[in-house]
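Chain nomenclature is as follows: A, B, C and D, assigned in order of appearance, with residue numbering initiated at 1 for each chain independently.
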Amino acid sequence: MSVRVQAEDFDLGAELAALRAGRTDIGALVSFTGLVRDVTAGAGAISALELEHYPAMTLRALGAIEAEAAARWPLRASLIIHRHGLLHPGDQIMMVATASESRAAAFAAAEFLMDYLKSRAPFWKKETRPDGAHWVAARDEDEAALAAWDR
Amino acid sequence: MSVRVQAEDFDLGAELAALRAGRTDIGALVSFTGLVRDVTAGAGAISALELEHYPAMTLRALGAIEAEAAARWPLRASLIIHRHGLLHPGDQIMMVATASESRAAAFAAAEFLMDYLKSRAPFWKKETRPDGAHWVAARDEDEAALAAWDR
Amino acid sequence: MSLTVLYFAWLRERIGESEERVETSAATVADLVAELREREPRYALAFSDMRAVRVAVDQELADLAAPLAGAREVAFFPPMTGG
Amino acid sequence: MSLTVLYFAWLRERIGESEERVETSAATVADLVAELREREPRYALAFSDMRAVRVAVDQELADLAAPLAGAREVAFFPPMTGG
C-alpha cells in the first residue's frame, strides 16, 4: 500500500512491474491512468493543465482513501500516484493500481479509489483554453458515483 | 483495437505506452492483467498452469468480444493479449486495456471484456498441484457476471 | 457428409484424440453426439453429461439443436476458463 | 485564537492570498466565514455562495457547523477535481 504526490512524471509499466515483483499471490492487477486530453466537451482545445493541491492534506486524504479500499476488499497491494504542477495534453496526471486474488475485487477497488479520489482528494485543475484559463468545475456525476458506494 | 494470442510473455508497460503513444484524446486508460497464482482456494499449491486453446476460434472470439465492447462504449483504443502454453506462478496470463475519454467507459469496457473473455473465449486451464493435474472448473459466478451485461 | 471434429481439455483426454474426420449423416449436433456415443465407451464416457460440454460449429458457439447442414468443423469442449 | 487560514484555486485567486494568520474568536467555521466577509469586499465575493465552497479543519473535510475550538488550520476551496 503506497501513496505518492509528485511533480515528476511516473513510469506506469515500471510501477506495475514493481507492484507484483517477486509475488505469486496476485491473480488480478488493475490499473487506471488519468491523462490530459486536448479537448473538453464544448470548451475547445486545451493547451495546458495546472494542478494545484493542498500538500498538508493530500497524503493524508489519499492514505485514508487507500485504507478504506483495503478495508473493503482483500487487496494484496495498491498504489496511488498523483502529480501536481503544470501538465500538457497527453501527459499522465495520476494512476491507481490494485492487486487482488480475484478480478472482481481488483476492479471494484480501483473504481472505488478513483471515485473517492476525484471528489475527496484536495486537487484542483485549471485548464488553459483559447478563451483563457478556467478552473475545471466539479461534476454532479462524480458526487453521484461516490454516493453509490455507500448504498 | 487489437487482439493477440501468443505463447511468449508480453511487456505490460510497453503495451500500455504504445496504446496511448502520440495521442492526446485519451482521458482514461484502464488495464487488467491476469497472473498465475500459486494457490487455489482449498486446493493447495500450484506449480504450473497449462493453457490450451482452440486457435481457429480464439482470434475470432476475441475479435467479436472487442467489437462488442467498442459498440457499447466510446473507446479510443483497446487491446487484448492472451497467452497459451505452459506458465508458472507469477507469470502473466493475459491482459486487456481500454482507453476512453471518461473513466466510467474505460472501466466498464475493461470489465465487460474480462467477463466475456472468461466464459466465451476458447481457453482452458489445467493446474498442476500436489495431488496431480486438474482442469480448472468454470465458476457459476463467471456466467452470472456475463449475464449481468444483458440486463 | 465429412466433418472435422475437435476435442479440447478433458474431452480431448477422455476421447484420446484432439481431432478426427467423421463421416456422418447427423442432422444436428445432438444427432452427432448420439452417433459418437454408440461408437466406443470412451465417447459415451466423454459425452455422459452434456451439461458439462460446450459446442462450436465452424468456430461459433452453438447448442445441441444446431443443424450441421453445410458445417465443416464441430468442436466439443468444457466451459471455457480463460482470462 | 490564532488560526492559519488557507485558500485554494479560485478562492485563492479572488482573495489574493494563499495563506494568512487570522485572529478570531469564531466558535464555528460559519462564524469565521461571517467575520471574513465583513472584512473586505474580496472576502464577501469569495464567500458569496457557500454551496460552492468546501472546508477542511486541520486537514480534514468539515462542514460550516464544525467547531473551531482547538483548531490550528482552516482551508477553503472549491469542490475537488483531481483524478
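Things to note:
Definition applied: a residue touches a chain if its C-beta (ideal position, glycine included) is under 8 Å from a C-beta of that chain, and two chains touch if they have at least 3 such contacts.
No experiment lies behind these values; they were computed from the predicted model shown.
Relative to chain B, the most remote chain by averaged C-alpha coordinates is D. As a whole-number value, the distance joining the C-alpha centres of chain A and chain C reads 48 Å. Each chain gets one centre point, the mean of its Cα atoms, and the points for chain B and chain C are 26 Å apart. Between chain A and chain D the centroid-to-centroid distance comes to 26 Å (mean Cα coordinates, whole Å).
Among the residues of chain C, those in touch with two or more other chains are 83.
Shown for chain A are the residues that touch two or more other chains, namely 34, 103, 114. Here, these are the chain pairs in contact: A-B, A-D, B-C. Chain B makes touch with chain A in their complex at residues 11-14, 16-17, 20, 22-39, 89-90, 101, 103-104, 106-107, 110-111, 114, 145.
By the touch rule above, chain C contacts chain B in their complex via residues 6, 8-10, 12, 56, 59-61, 73, 75, 77-83. The touching residues of chain A, when paired with chain D in their complex, are 34, 51-54, 56-57, 60-61, 82, 93-94, 114, 117-126, 135-138, 143.
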